[in-house]
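Look at the two complexes coming up: chain A is in both, with chain B in one and chain C in the other.
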Partner chain A sequence: MRQAIPFCVFAALAIAVQMITALTGTDYFLTQITMSGWYALVVMGLCMLMGYAGQISIGHAAFFAIGGYTAAVLTTMNLLPCKNGAFVKLLSGMGMTIAGTNSWGTDILYLSPWLSLIAAVLISVFTAWIIGIPVLRLKGHYLAMATLGFGTIIYRIALGTPLFGGADGLSDVPPFRLFAGLVIDGSRTHRLAGYYCAMAMILVVIVMLSNLVNSRAGRALRAIHGNEEAAQAMGIDTARYKLNLFVLSAVIAAIAGVFMTHYNGGIGPAEAGVMKSIRYVAIVAVGGMANLWGTLVAGMVLNFLSLRGYFGSFDDAVFGAVLILMMVFAPNGILVKRRKRQ
Partner chain B sequence: MPLLEVKNLSKSFGGLHAVRDVSFAVEQGMIKGVIGPNGAGKTTLFNCIAGSLQPAAGSAVLFDGGPIHRLPPHAVARKGIARTFQTIKLFAHMTVLENVMVGCHLQSRGSLMAGMLKLPYTWKEERTVRAAALELLDKMGILSLADHDAAHLAFGQQRAVEFARALALKPRLLLLDEPASGLNIHETALVGGLIRRIRDSGVTVLIVEHDMSLIMSISDELMVLCFGQKIAEGKPRDIQRDPEVIRVYLGEESCSA
Partner chain C sequence: MSLALIIQYLFSGITSGGIYAIVAIGFNIIYNSTGIINFAQGEFVMLGGMIAISFCHYMPLPAAIVCAVAITALVGALIEFVFIRWLKKPNVLQMVIITIGLSIVIREAALNIWDEKVRSLPYFTGNEISSIKLLGAYISPQVLWVLFTCAAIVICLNLFFSYTLTGRSMRACSANRTAAALCGVNVRNMVTLSFMISAAIGALAGCVVSPIAQTHYDCGTPLAIKGFTVAILGGLGNSTGAVAAGLILGIIEAFSISLLPSAFKDVVTITILLLVLFFRPSGLFGSREAGALKEF
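Take a look at the complex of A and B:
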C-alpha cells in the first residue's frame, strides 16, 4: 500500500489547489493549470520513452497535433448536407452524431467527439507504427534527427493543408460531453469539470506508467536503455519493445491533443511545431529523465508559467535556455530520485 | 547428435577474414574451450553463434539439429542459448536484483499492457521471478548486493551478476566470453569451480578464455583458432603437445609446464 501514497498525495493536492483558488477568488488560474495538465500527459509518455527506454523523440508535438487536428476536423465537419446518406444515417442511428449550431448560428450536424477520439487514437497508432519501424533502428543523435524530421513534416502538413486551416488552424471545435455533467470546453461554467478531468487523467496515466516501470515489460525497456546488446541476449525483442512504447507514448500525446483541442475550442499549427517538441524534451530533462513524478511537476510548473505569460516574449527562449543549463549542469535532471544504497 | 554444430562458418569485415571456414561440434554436457592469440576471431565466432553477427553465406550453425544462423540474438536466446560478454554489459541504473530479473524475461510473459494495468496474473509471475532471481544471487554469494546499483559494484561482483543473469535464462548452452579476464587468481579459481558446477547441472558450456591454467583445467575439449582458422582440436593435454599450437600460441615454455 506504501506505493499508493504519492498518488493519494497528488489527488489531495489537486483538490487543495482547486479549493484554494475558489477561496481566494483566483479560480481563473484553473484554466492554465488544466492546460498544463494536458501538456503534462504528453511529457509523461515522453519521459517513459526517453528517460526509461532511452529513445529520444524530438517530434512528439506531432502526435499531440495529430490528435488535436483529428478531433478538430472530424467535429467541425458539417454532415447536414449528406444527412440522408446511408453512412451518416447509420451513425446517427447509433447516436454517433450531434446536432447543434456553430458560432455563426448555422445549424450543423457533427460527429460525436467520442468517435473522433477513437479516430485520433487509431491515426496516431498507425502513424507512430509507420514512422517507428524505420526510425527506431537508429540510435542517439540519428534517432533525434529522424524524429525531428518527422515533426517538421507534420508541422508543414498542418500549416500547408486547407483542410487543417493553414496558419489559422481550426476553430469552433464543439465541447466534448464525456458524461452527464462532465463537459470539456473553455467556458467558465465547465472550468471545474475540465480541471478535474485533466487531473484524473494525469492520475490514471501516472499510475499506469508507474506500474509499467516495475513490471516485466518495464524492466525490459530499462534494460534496453542500459545495454541494448545485453538486453537482446536476454531474449528481449528490443525492436518490438521500443516500437510498442513509441506507439504508447504517441497515443498518450494524441489523447492529450484531443482534450486540449476541445478545451481550447481549436488548434493551430504551433502545436505541431518543433519548438513544442523541444519544450517537451526540455521538461523531461528538468524532471530528471527517468523520473515520472519529476517530469509531472516540471511539466505542470513550466507550462503553467509559460501559459500565464511569465516568460513574456522569451517563451521559447526560456525553454531553450533551460535545456542548455540542464545539459551543462545537471544532465541527469534536478529532481533526481536518490537510489537506495544500503 | 551434438548440441551445437558449427559448419564452415566464415565472417569477414571488409577485406579482413575474421573467421574462415571453421567447423566444430559441442557435445551435450561438456565444457568446450576456444583459445587463440588476440585477433584470432574468437569473439567474432561467439557473436555469429549468438546472432549478434550474421555469418557469411555458406555458413551454418545448428543448435539441437535446427539452424540458428539466420536468427536475431533474442531468438537465439529463446532457443536456450545464454551468453556473457568479454566486456561486462550489465544494465546500468538498475539494481542487481533487477538485472537478474531481466534474465528471467523468457520465463515470464507479462506484456506492456498487463504491466500497466498490473493484471492479477502478473502478481504471481513477479513473485516467482523475484524468488528465482534471489535464489540465483544466493547461489553466487551476492545476495547481500541485491538492492545495489549494478554499475557501482566491484569488477568481480559484476562478473558474478553477469553469471547469475545468464543462468536466469535457464539455458541449455552457455557461451562464456573470457569470464576470467580482469579477475585475480583467487576469483579465477572460483569461476573455474562455478563453471564446472554449471556443467554438472546439465548446462553445456562453450568458453573463450586467455587464462591457460583455467581453460586447460576445466575444458573437456579444446579448439585452437589462429587468424580465423581452426588449427587444432582435441583433449587439453593433446593440445598442449601439439607442435603447431605451441609454435603459434602457447610458446615453448608452456610445453614443459
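Take a look at the complex of A and C:
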C-alpha cells in the first residue's frame, strides 16, 4: 500500500491544481500545464534510458516528431477523392474514418485518430528498433553523436519534405475524440478534458515505469549503468535490455507527440529540432538522472515556465545554463533521493 | 556531367572539406589532451567569424581577424578555466552534457550580442563577382584563401607538435598524463593551451570561410557534426587522417548536391557518420586503439 502513496498524492495534486485555477479564475494556466504534461511524458521515458540504463540520447525529439507527424499526416489526408476505393470503403465500414469539414469549409473524410495513433506507435517502434540495434552498441561520445545525428536527420527530413509541410509544418489537425465527451483539442470548451487526459496519462506512465524500475528488468538496467561488462558477466543480456528500453522510451515519446499534435492542432519542424532534444536531456539532468518523480517535477515546472514565456528571449540559454550548472555542481541532481546503502 | 562542372564541384567540395578538416583538428587537439569531445567546437568557428565581422568596421581586415582569433582563444581558455579544470573525476556523460550546454550558451549569447541576421566578412581579395578561370571552372579567389589557410594551419600545427618544447609536452600529456606530470610538464596548463589552440584555429577557419559561407549565430552545430564526422572518419586524434577525411567528405557532399535536393546535404553527411560509427568506429585511417574511448 505504501508504494501507492506518491501516486495518490499526484492525483490529488492534479485535482487540486485544477480546483485552484478554477477558483482563482486563472484556468488559462491549464493549457500550458497540459502541454507541459505531454512533454513530461517524453522526459520520463528518457529518464529511464539516461538515468537508469545510463544511455544518453540527444535525439528523443525525433521520436516525438515521428509520432506527431504521423498523426498530422494521417488525419489531415483527405480520403474523399478515393471514397469508393476498396480500402477506404473497408476502413469506413469498420468505422475508422471520420467525415467533417476543415477550416476552409471543404468537406473532408479523414482517418480516425485512433488508427493514426496505432500507426505512430508502430512506426516509432520500427524506427527505434532499426536505429537502436547499431546505435546502442556505441558508448560515450559516440552514442551522443550518433543519436544527435539521427535527430538531425529526422529534423532535416521534416524540414525538407513537402509531405510534412516543410518549414511551415502541418496544421488543421482535427480533434482526437477519445470517448464520448473526452475530446483532445485546443478549444476552451475541452480544456478540462485535455488537462485530465494528460494527467491520467502521466499517472499511467509513471505507475508503469515505477513498476519497471523495481522489477528484474529495472535491476538489470541499473547494473548496466554501473558497469556494462560486469552486468554482462552476470548473465544479463545487456543489448536486449538496452534496446527494449530504447524502444519503450521512443514509443512513449511518440504517443506524447500524437496527443500534443491533436492538442495544438498542428506540428512544426521545430519539434524535431536538436534544441528540443537537448531540452529533454536538461530536464532529466535537473530531475536527478535516475529519479522519475524528480524528472516529472522538473519537466512540469521548466516546461510550464518556458511555455508561459517567463524566460523571455533567454529561453534556450536557460536550458543550456541549467545543463552546465547541474553537471558541474550537482551531477546527481538537486531533487535526488538519499538512497540507503544496500 | 562535363569536365568543367566536375572541377567546379570538386573545388566546392575541397573548400568545405578544408573547413571540416580544421574543425576536426580542433576536436582532435582537445580530445588528445583531455579525452573530451568538445561539442562546442562549432561555436568557436561561429564566434571567430562574428567577432571579425564586428571588428572590421573599426580596423583593417587583417587586424580584425587577429583580434577575433585572440578573443576566441581567450574564450576557449576561459571555458577550460571555469568549467573543466577543477572537475575531479568527470565521466564521459557529464563532459558531453557540459560541452553541449556550453555550445547552447555561447550560441544564445551570440544571438543576444549580435542578432539573427546572416552576416559575412568582405572578400579578402576582389569581391563577390571576381573569379579565376581554372580548367574551365570558375572559382572565387576566396576559395584559394581558404585552401591556403587550411594548409598553413595543418603545416604550422605539425611543426609545433614536432619541434617545439610546448608542442612536445602536449603530445606527452596525450600519450601518458601521469608520466608527463612526472617529467615536470604542467598537465593542467597544457589542457588550457589545447583549448586555446583549438579555439584559435576554429576562429581562423570561421574568418576565412565567412565571405563564401556566411556567418550566422546558429551555424556552429552543423559544422560541429560534420567536423566530428571527419574526426571519426580520419580516426579520432589523428590530424593527418582528418585532412584526408575532410577532403573526402567535402567532395562527397558537393557531388551529392547534383543528385539530391540541397536540403538533404546534411542528411548525406550524417548518414556517413552513422555508417562509420556502426561499421568502422576506428575510422578509415585509424588504428583499433583509436576506436576505443580514451579515459582519463
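We adopt the following convention: the second predicted complex is superposed on the first by the 340 of 342 C-alpha atoms of A that agree within 3 Å, B and C clash if a C-alpha of one lies under 4 Å from a C-alpha of the other, contacts with A are read in each partner's own complex, and residues count from 1 in each chain.
We adopt the following convention: contacts are C-beta pairs under 8 Å (C-beta built on N, C-alpha and C of every residue); 3 or more make two chains touch, one makes a residue touch a chain.
Source: prediction; values computed, not measured.
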| item | value |
| --- | --- |
| When chain B and chain C are modelled together on chain A, clash or fit | fit |
| First, second, both or neither for A:328, with chain B first and chain C second | second |
| Chain B versus chain C as contact partner of A:320, first or second or both or neither | second |
| Chain B or chain C, by number of chain A residues touched | C |
| Which superposed partner A:158 touches (first chain B, second chain C, both, neither) | neither |
| Touching partner for A:109 - first (chain B), second (chain C), both, neither | neither |
| Shortest span in Å between Cα atoms of chain B and of chain C, once chain A is used as the common reference | 9 |
| Residues of chain C that touch chain A when the two form their complex | 37, 39, 83, 87, 92-94, 96-98, 100-105, 107-109, 111-112, 221-222, 225, 228, 232, 261, 263-264, 266-267, 270-271, 273-274, 277-278, 281, 293 |
| Touching residues (chain side chain A, partner chain C) in the complex | 54, 56, 58, 134-135, 137-142, 144-146, 148-150, 152-153, 156-157, 159-160, 274-275, 278, 281-282, 285, 313-314, 316-317, 319-324, 326-328, 331 |
| Chain A partner contacts - residues on chain B that touch it in the complex | 50-52, 72-74, 77-78, 82-83, 85, 89-94, 98-99, 101-103, 105-106, 108-112, 114-118, 122, 125-126, 129, 147-149, 152, 165, 169 |
| Residue ranges of chain A touching chain B (in the complex, touch as defined) | 208-209, 211-212, 215-220, 222-223, 225-227, 229-238, 241, 244-245, 248, 290, 339-342 |
